[in-house]
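Before anything else, here's the structure in question.
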Amino acid sequence: MLLHLSTWPEIEAFLERSRTIVIPIGSNEQHGPTGLLGTDWLCPEIIAHEAQKTADILVGPTFNIGMAQHHLGFPGTISLRPSTFIAAIGDWVRSLAGHGFDHIYFLNGHGGNIATIEAAFSELYVEASFVGRPRGFALKLRSWWDLPGVSELAQRQFPVGHGSHATPSEIAITQWAYPDAIKHANYAPQIAPTGPIREALDFRKRFPDGRMGSDPGLATPDKGGELVALATAALIADIAAFAADPVFGL
Amino acid sequence: MLLHLSTWPEIEAFLERSRTIVIPIGSNEQHGPTGLLGTDWLCPEIIAHEAQKTADILVGPTFNIGMAQHHLGFPGTISLRPSTFIAAIGDWVRSLAGHGFDHIYFLNGHGGNIATIEAAFSELYVEASFVGRPRGFALKLRSWWDLPGVSELAQRQFPVGHGSHATPSEIAITQWAYPDAIKHANYAPQIAPTGPIREALDFRKRFPDGRMGSDPGLATPDKGGELVALATAALIADIAAFAADPVFGL
Amino acid sequence: MLLHLSTWPEIEAFLERSRTIVIPIGSNEQHGPTGLLGTDWLCPEIIAHEAQKTADILVGPTFNIGMAQHHLGFPGTISLRPSTFIAAIGDWVRSLAGHGFDHIYFLNGHGGNIATIEAAFSELYVEASFVGRPRGFALKLRSWWDLPGVSELAQRQFPVGHGSHATPSEIAITQWAYPDAIKHANYAPQIAPTGPIREALDFRKRFPDGRMGSDPGLATPDKGGELVALATAALIADIAAFAADPVFGL
Amino acid sequence: MLLHLSTWPEIEAFLERSRTIVIPIGSNEQHGPTGLLGTDWLCPEIIAHEAQKTADILVGPTFNIGMAQHHLGFPGTISLRPSTFIAAIGDWVRSLAGHGFDHIYFLNGHGGNIATIEAAFSELYVEASFVGRPRGFALKLRSWWDLPGVSELAQRQFPVGHGSHATPSEIAITQWAYPDAIKHANYAPQIAPTGPIREALDFRKRFPDGRMGSDPGLATPDKGGELVALATAALIADIAAFAADPVFGL
Amino acid sequence: MLLHLSTWPEIEAFLERSRTIVIPIGSNEQHGPTGLLGTDWLCPEIIAHEAQKTADILVGPTFNIGMAQHHLGFPGTISLRPSTFIAAIGDWVRSLAGHGFDHIYFLNGHGGNIATIEAAFSELYVEASFVGRPRGFALKLRSWWDLPGVSELAQRQFPVGHGSHATPSEIAITQWAYPDAIKHANYAPQIAPTGPIREALDFRKRFPDGRMGSDPGLATPDKGGELVALATAALIADIAAFAADPVFGL
Amino acid sequence: MLLHLSTWPEIEAFLERSRTIVIPIGSNEQHGPTGLLGTDWLCPEIIAHEAQKTADILVGPTFNIGMAQHHLGFPGTISLRPSTFIAAIGDWVRSLAGHGFDHIYFLNGHGGNIATIEAAFSELYVEASFVGRPRGFALKLRSWWDLPGVSELAQRQFPVGHGSHATPSEIAITQWAYPDAIKHANYAPQIAPTGPIREALDFRKRFPDGRMGSDPGLATPDKGGELVALATAALIADIAAFAADPVFGL
């Protein structure tokens, strides 16, 4: 069930049977010479939208801009400051918690988001923790590649050249979902370098075409489909386990 | 050209021929018993995506959560505080301006966004205005119903019962684009009441099913298609005029 | 009744018979070669102070600095950032609501304030809307030229050359109230140009002497007096209607 | 010269001969059973406006709402949070500094403002201090009773019962300037108690009628006139000394 | 009793017998050619740690970075912006108040902190004052030199050349506590100049070696020991008086 | 070299030979029935202070309060909100970078700090990344247990019952450094439970005595000494490697 294609009475009815919601969250940022700028928000959106086709899961709108400051040296990247990102996640959660959702699950598509999303969760919890009152909801962050079995499959598919940014696994997923948007380029070197992540100018100097440790040329739509199938099943199970975990203090 | 389905080298190339970008911006909020929660971000997305099929226009990701505090009494609504909305728009613009975009056009789908978006523009401009240095970009807000000719068409299509929220025109547009998500209900009264907009509890009391002055039962996919066709053409012309308007102070 | 010339026991007594207060709000900004820098806060102050002479209305201190970033290219302009303006309006309202005022009416004198004041109202309401509790007050923004009948009179007085900034109507009002501060200059052109409002440098380039579409030379103290008389009567009626409108959710 | 009754060309001309401006700053808060709510912004306004009648001094609009949280237990008090106050003072200064004012003098009327105004100055300076660049302006805070000779005169006028809030000296000044707004009451006790300042409820408990250590019944318009005359002369001298003090680092 | 060397059950037990806590607060900033960068946080820490050896006082961790923007022209200075300082003090107090501490005493070591700490207190109180609910705690700021008798002793010890920054009294205290870190230099001039405090570049120009009005060469460890002994006794008495003062409104 | 026991000329001299500084950063929070509240800031302080005894390393003041919202259910815990923590880290870095430090190394003692510190780094970098200018410094976060070899030693020392909070390794380090503050208690159960971290009330319910998965009874001062010795050597090497890593974009 997609929230944005539902009406408010339909959500009101859903809340009668479940108080859990899934928010795909990612980033809009360069993904090397052939990766789509939307890769990191498209991947969790693709997986979550697949999941709700077969399970009674409510999927909210996609949070499509995250923390990508290090990629700003490449055109098309859009980033929030961490402080803005924290404020915005806070308002999404405040809105949803006000409706009675008490298990809010963020399916993440960007490693660079993780620290700030965790900080945003703490920023929400601390309002209650300072005053010794219950907040009454549980927040969970899960990156799609951390769903059980997914990174193992990716390592089997891409034993060499997976890397950490513009990886063949994420590009394969977008190829499967958007076959008309498959791009090609020569990669030089075939496998990109690795190194630390700092400010944008430093990043572009270290990673001239935007890739980190990866060879996106290995991606195929079929491998993307395998990843989506496995991730979708794992997501459904992961949400069920989360929904069953109590929130103490209520 | 859709930014999120493009690569950074493609955006770099686009910047050689144009420094204008379009951002669909809306809200995720209740739209009465039959309107989709995504209506206000889907409408500008639909129109902008149509426009880039026939014109060399760059369309960014959709900014899908806006200022909808008054709708929070209805499940499924997600709202940013105005201060968060201002910060987030600021970061989008800072990111895009950093890449060289100097004409940033927001195609809006929610009346309740207008005040805060205008405030966000001023928040960006004032950084330069305080110190007497040029900011170097122009920002434009246009709601799709204010594109030349659009509200005239809507008034011809719906001379009675158009209203101001959950209008038949916006619902018709989503019906045209998402025919599988057309919903039905009995409206009582047929035309919803009108009144002032204040906090959420007051709003729900005044507008029990969420509509304001409208009869969404008048919407049809065909009328939606007519609105999209007209709005798309008007958008292309409006962007061209905006792009031609100089930014003084550079 | 002027709050700043009253004592707290007098306000306590007023609250026994009314919970409505009027705040004149404006801006301190250039108004062309002959308009006073204080024009936009003087006009609502003049009208509100007149109104409380004949009606049992409580008028608070004047909020004299608003959002005028686009005028910062002209000496004497003082502007708040929108985020500061929102915070300050919030604290005024929090203070007044804490005393029991539940209808707070802002009589505005500056078009450039409108968006941010509306955003400030939403910032206040959303605190309650997120948590489903009543805020318990109603906020109203009314620009003096939007009081019933006022802009019609101004159009009759100045059928040509009214324009939108440094208008003869606002200058006439200050001439009526501050006859010792009437200034003279040659206007070239007689009617100023029009155009979009962006950052300060761009504004000064487009509007070299600060006027927008206006011929302030048409202003006279007598016309100002007519405007004040009409606006004062309209304000008294408008406040009465507002005070009678219930706040739901209490 | 009053900025708000001047035009921008007049301010431009003033900047040719001086880069110093005076801002009256105060608070709108309870002043006991007979003191005006506006006392703390009226006093510096009265003195500064007097001063500009005989000296070539530019006086800006009055900053009329300050930090008065402890008085919020009494109706009519309006307070900014310190964080809001800091932001607003910052924007006033940024606006004025942008026009070329490099000596900005705040004539204060409220003891409770002092800490936050000093913090606001540091908040402005630190922007430059972090990066080792000159800010280029000097800010000065002077409470009117700290002008040379003023508190000595007040002590001579009111050797007993001056106190620290709702003092006979400040009330005398408003009596001199607003003789039609002189209020009367029986004071019990004749001299109010003293004690620490904390939150509003604690304050009202300790100081039931709002006075701190004072007997406002001693105030007379004549004594107010003496205070104004002395303060006005001292202000003119103090501004001259400030204007002559260089700003290093330019 | 030092909080950081205690366990949570020990603090729980302490709260059974007292709800008062002492926080040493200072600044890390240049103190002339021979003063330690830590002087301003070491001094209150030294005195508070001494006091808890003989009295049943709970001393929290030292708040070691304060508002020192004017010293940023000298290497080693670390400063918070006032807005950050206010936020951080707020969170310390919120944490402690949440545990039941209702008398929180800040023993300060830096004059430049005073304004911002007072503003931080008001920022905390105003949350309650706006809504007419009790905050329920009392905050007290005391600089160590303002403890009864201390500045009188310092004036006797250093009748000439005490000054206001890098004073012989504060340096003597650190010499007594950290004899291995005593530094020597030639002072030219022997007694440093005085003047206003503004931004960092201006400060370094006016006070080339960092001292203000002081001759630190007068400091000796013995004089430091005398100051510590007196301040420690005075602190114990001051805390007892504060703890006995009720918080109204509970 | 300890910054707080140095003078500004000594830091100026240090900057001639190195532009790297180490900041111990931790948290003040409950550590179970026997762990010190200061454990998480004492551990990195102990290690860093040891390291500077044998290597030419500059160690700044300890940042002793971090993000510990989940521990606020236990008396003595003090936590910053993530937003405050980000602001404060920012000001420390801005201060140090202003002096010319371009490699700033945070030695961390609290797992709960990691997300927010990383977010703080991004908040600093993004200021430069938005505008395409170099920030010019590198920031590094290293938790002491992630120094090469340290967690391997801890696993050898405590193969069972190490856990993740109030671990025997961190308690052993404080026992080694503060032998007078060793505390004893009966643990029930001997090894604490594990589970997710959410708001404070939920945390106390899941972890009644504050420990997570650990048996602190295994700690001894000797084992602490071994950990400190290994960590100290590893820290010196890690800092040297960091200092040698260039900052691109300068």
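Chains here go by letter, A, B, C, D, E and F, matching the order in which they are written, and residues are numbered from 1 within each.
Convention: contacts are C-beta pairs under 8 Å (C-beta built on N, C-alpha and C of every residue); 3 or more make two chains touch, one makes a residue touch a chain.
Since this is a predicted model, take the numbers as computed values, not measurements.
Student: Using the contact definition stated above, find the chains touching both subunit C and subunit F.
Tutor: Correct list: A, B, D, E.
Student: From subunit C, what is the lowest number of touch steps before subunit E is reached?
Tutor: Minimum step count, subunit C to subunit E: 1.
Student: Just to be sure I understand: going only through chains that touch, what's the smallest number of steps from subunit C to subunit D?
Tutor: Contact-graph shortest path, subunit C to subunit D, evaluates to 1.
Student: Where does the C-D interface recur among C-E, A-B or B-F, taking recurrence as more than half of the contact pairs being identical by residue number?
Tutor: A-B
Student: Looking at C-alpha means, what's the farthest chain from subunit F?
Tutor: Farthest from subunit F by mean C-alpha position: C.
Student: Using Cα averages as centroids, what's the distance between subunit A and subunit E in whole Å?
Tutor: About 46 Å separates the centre of subunit A from that of subunit E.
Student: Where the CA atoms of subunit A average out and where those of subunit D average out, how many Å apart are those spots?
Tutor: Each chain's C-alpha centroid was found; their separation is 53 Å.
Student: Where the centres are mean C-alpha positions, what is the separation of subunit B from subunit C, in Å?
Tutor: 29
Student: Touching two or more other chains, which residues of subunit B qualify?
Tutor: Touching at least two other chains: 72, 79, 81, 83, 91, 95, 98, 129-130, 132.
Student: Taking all chains into account, which pairs touch?
Tutor: After working through each pair, the chains in contact turn out to be A-B, A-C, A-E, A-F, B-C, B-D, B-F, C-D, C-E, D-E, D-F, E-F.
Student: Can you list the subunit C residues touching subunit A in their complex?
Tutor: Touching subunit A from subunit C are residues 129-132.
Student: Sort out for me which residues of subunit A touch subunit F in the complex.
Tutor: Interface residues on the subunit A side: 67, 69-70, 72-73, 79, 81-83, 86, 112, 114-116, 118-120, 122-123, 125-126, 128-130, 132-135, 138-139, 196, 198-202, 205-206, 245, 247-249.
Student: Flag every residue of subunit C that touches subunit D in the complex, lowest number first.
Tutor: Contacts found on subunit C: 3-12, 15, 28, 30-38, 41-42, 60-65, 72, 74-81, 83-84, 87-88, 90-92, 95-96, 98-100, 178, 181, 183, 185, 210.
Student: Quick one: which bits of subunit F touch subunit D in the complex? Just the residue numbers, please.
Tutor: The contact residues of subunit F facing subunit D are 91, 94-95, 98.
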